[in-house]
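The data blocks that follow each hold one structure.
Each of the next two complexes has chain A plus one other chain: chain B in the first, chain C in the second.
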Partner chain A sequence: MRVLLIGGGHSAYFAANSIRGIDPNGKLIIIEFTSEKVEVLSKTFPFAEVVQQEIDGVESYIRSNASILDAVIAATESDSLNLRYCKTARENAVPLIIAILNNPMNEGIFAKEGVRHVINPYGIIPVELSEILGSATNIIYKTPSGSVMVASLRIEGEGELRKIRGKLRGSEDVSALLVSSSGEIKSSIEEADARGRLYLMGSEEKLRKILGSFRGRRR
Partner chain B sequence: MKVSVIFPTKNREHHVKRAVRTAFKAKGVEEVIVVDGGSRDRTLEIAEREGAKVIVQSDLVYPGKGVAMRDGAYLARGDVLVYLDIDIRNMTPEFIEKLAEPVIRGEADFVKGCFERAAGRVTELVAKPLLRMFYPELARFKQPLSCEIAGRRSLFYMVEFERGWGVDVGLLIDFHKLGAKMVERDIGYKDHDMKPLHALTDMAYEVAGAILRRAIRDQKTDPEWAERYLRGVRAIDLGLQSGRGFA
Partner chain C sequence: MFPPEDVILRILIAAAVLILSYFLGGYVKSRLERVLSKFGAGFARKTSDLVRYFILFVGIAAMVSILSLDIMAISVIIVAILILLLVSMRDIVLNLAAELYLATRKPFKENDWIKVGEIEGSVKSIGGMDTEIITYDGDLVVIPNSYFLRHPIINKSQSLARYVELKLSFPKMKLDKLEQAVTEVLEEIKPELFGDPELLSMSEKDQMVEAHVSLPIVNVRKLRWLTARMAKGFLTRGIEVEIE
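Presenting the complex of A and B:
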């Protein structure tokens, strides 16, 4: 795989290491704007080709190399630049375009501009906190397309346990795994106990329906 | 030459419609960009509806005018960038044209707008004395802190954007250091919201900081002296001035 990673900050650092792990034999090109950072990046990522470009030059680089690129990842410290580069990559038919956001509030703006793969690096913080602090319902993960979602639900009392059993009996396309209050993993909802936590995997639409009937009544 | 107009905003739903429409009427304007600092009102929705390109500035926790201006420059595609405050109640297309024209005609690389108003307190008491001290060649600018500016887009990529209120004077010094042709243009009377006195404390500190940081960078002052001066400004802010003085 031939990946162009734009940016030399924290997001780009983690992206570069991930890409290396995913495809050790692939070609990684990193673009940075300043010569000082290019020097540091070359030492930090000896497996990558680090290129210095001016801000406007990156678009020309994408245009010239679009036909041989499998993916463009825009991970600069400005969402404006990320948006610009993603749009250029899209206009030049790069197969996979990914933006790593600085400000999660820009997610919708990127989606409107046709950038399908938008990573919010801070998205995991509320999820982790909710899990640790014991939030009643919690969306742990969903695929960018929304086709699969993983969520958790804390069961409080026999009434809720009966209710969730009823809902899952009619939902064969939803997988469930229960962690009991003592920490044991149960694969069947029938073995579930009240005060355990249920982990569900299924389509986003289906899971939101199930979770929706439990939300609202809870903190 | 294509012109991009950039408005940094935050909770400006009552101004955004008029500002974006006015900007689109100005000669040469190809795009209007609204860079938001996390509005809780309908600013972004209205801006988008009026045809502006919108983006929320990249720094979520400490959004500042400088970050918004930088992000606006990064999103822009025009050859000439024009920055304006969005709350100018009497804004007309001529405001924008007066700022952009010297750059379009090749008479300037950077244009600072000046306007009729009572002398700004931070301008007169902080910016001008410090500029006269370290950058006397910029003392000719009547309003060095004016937010109404225009310049070649490519040059905005070669300067440092201060995060907060120091951004305007910082750009003035940095464009000067680049050797850019700079002019000041009178854009007439500007009717906009004035900041209350207490809100000027942070602004004064940030403006002083922007000038002094550049003076240190350009080896025009002793870093220790500049640090003491800034500490002194902060002590005044906090009511802690002890009479020790700071130079």
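Presenting the complex of A and C:
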């Protein structure tokens, strides 16, 4: 794939390495604004083509290359610049547009402008905290298409285990895995212990209903 | 004939009904616009305008009735006007119905890859009256929304890549000399693709070799550019090729 990555900061560093891992033969173009960073990036990412552009020149680069670009990833250290570049890519029908947020509060603005893929690096904080602190329910992951979700649920007794068994009975679209308090992993909750953490993967709609019926429990 | 005081009373009531329907129409329009705004501003505005005109129309009909004009004659005229309006605005009504369908059913989103009727491409924008689609060739096609009511929609957006099949024809060439070149050229364009290109078949007949290849492409607009690159790749190896 031909991917244009805009920015040379921390987000762009992680993005460039990920892209290399995902598509080792792909064509990666990195745009940076300062000549010093361009030099560093060229050495750090020898597999990429690093281009220096003025802040205001990036849009015309996107416009003139839109017909051959497969993806544009806006990962500068400014959300307003990222939004500008995403909008230009969208107006020029680049198939895949991804923004990496600096401020998680801006997520809604990107969504409103029609940027479908917005990566919030801070989104992992509540997920990790919930797992570490053992919260009653936790949404671990949602696929970008929004159809599949992975969540976990604290099970505190036979009653709750019965309840979840009832909810999962006959469900073709949810799979469960229970990690008991002793660390044992069971793929069938019919023979699982009454205490532990249940990991569910399946339809987002169904999982939300299940989590909803377990919310409101005290820690 | 009615007595003069009765005529004045009827005129007053008719005026009151007309004024009432005017304000009621305005009120209902603003409320409805707010409620329907979740389906898009354009759609909300048009639907609430339609409801407002309907209320006004009912008010006028009531006013005519109060004034005791010949209802039969008036009804015939109104029905005729309505039919005329419906016939002349058929496409607008259909597009409005299609917009309601697209807003509620959501069969595709912007950037989705869809096939509807003979048209296939990426959805650039979904408007109140029409939808813009960019085709394989990079052409921008504007489709009236009513088209979606008459043709089945295939949404192909589950996968990022589209598999495009190309036919390569090599005149005056022998099969054994070509296999290596085709593999090399496909390898050259691989960085532009979403995965490995595939050589589907290769056959020789009448001093001509035909090869079919499958290319996984994310941005199908670069197909022309890719075919040009392939042709150049073969030319630098001294091989003439026609790509379809």
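Simple rule for what comes next: the second predicted complex is superposed on the first by the 217 of 219 C-alpha atoms of A that agree within 3 Å, B and C clash if a C-alpha of one lies under 4 Å from a C-alpha of the other, contacts with A are read in each partner's own complex, and residues count from 1 in each chain.
As a convention for this text, a contact is a pair of C-beta atoms (placed from the backbone, for glycine too) under 8 Å apart; a residue touches a chain by one contact, two chains touch by 3 or more.
What you see is a predicted model, and the numbers here were worked out from it, not measured in a lab.
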item: Touched partner set for A:S80, first chain B, second chain C, both or neither; value: first
item: Touching partner for A:I185 - first (chain B), second (chain C), both, neither; value: neither
item: Partner chain in contact with A:D56 - chain B first, chain C second, else both or neither; value: first
item: First (chain B), second (chain C), both or neither touched by A:I109; value: first
item: Which superposed partner A:I125 touches (first chain B, second chain C, both, neither); value: neither
item: Contacts of A:A71 with chain B and chain C, given as first, second, both or neither; value: second
item: Dominant toucher of chain A (residue count), chain B or chain C; value: C
item: Partner chain(s) touched by A:V40 [first = chain B, second = chain C, both, neither]; value: neither
item: Which of chain B and chain C A:A93 touches, first, second, both or neither; value: second
item: Residues of chain C defined as touching chain A within the complex; value: 109-111, 122, 124, 134, 138, 158, 160, 190-194, 218-219, 221-222, 225
item: Parts of chain A lying in touch with chain B, wherever the complex brings them together; value: 54-56, 77-81, 83-84, 102-106, 109
item: Residue ranges of chain A touching chain C (in the complex, touch as defined); value: 1-2, 25-27, 66-71, 90, 93-97, 114, 116, 145
item: Touching residues on chain B, where the partner in the complex is chain A; value: 35, 38, 54-60, 70-75, 154, 157
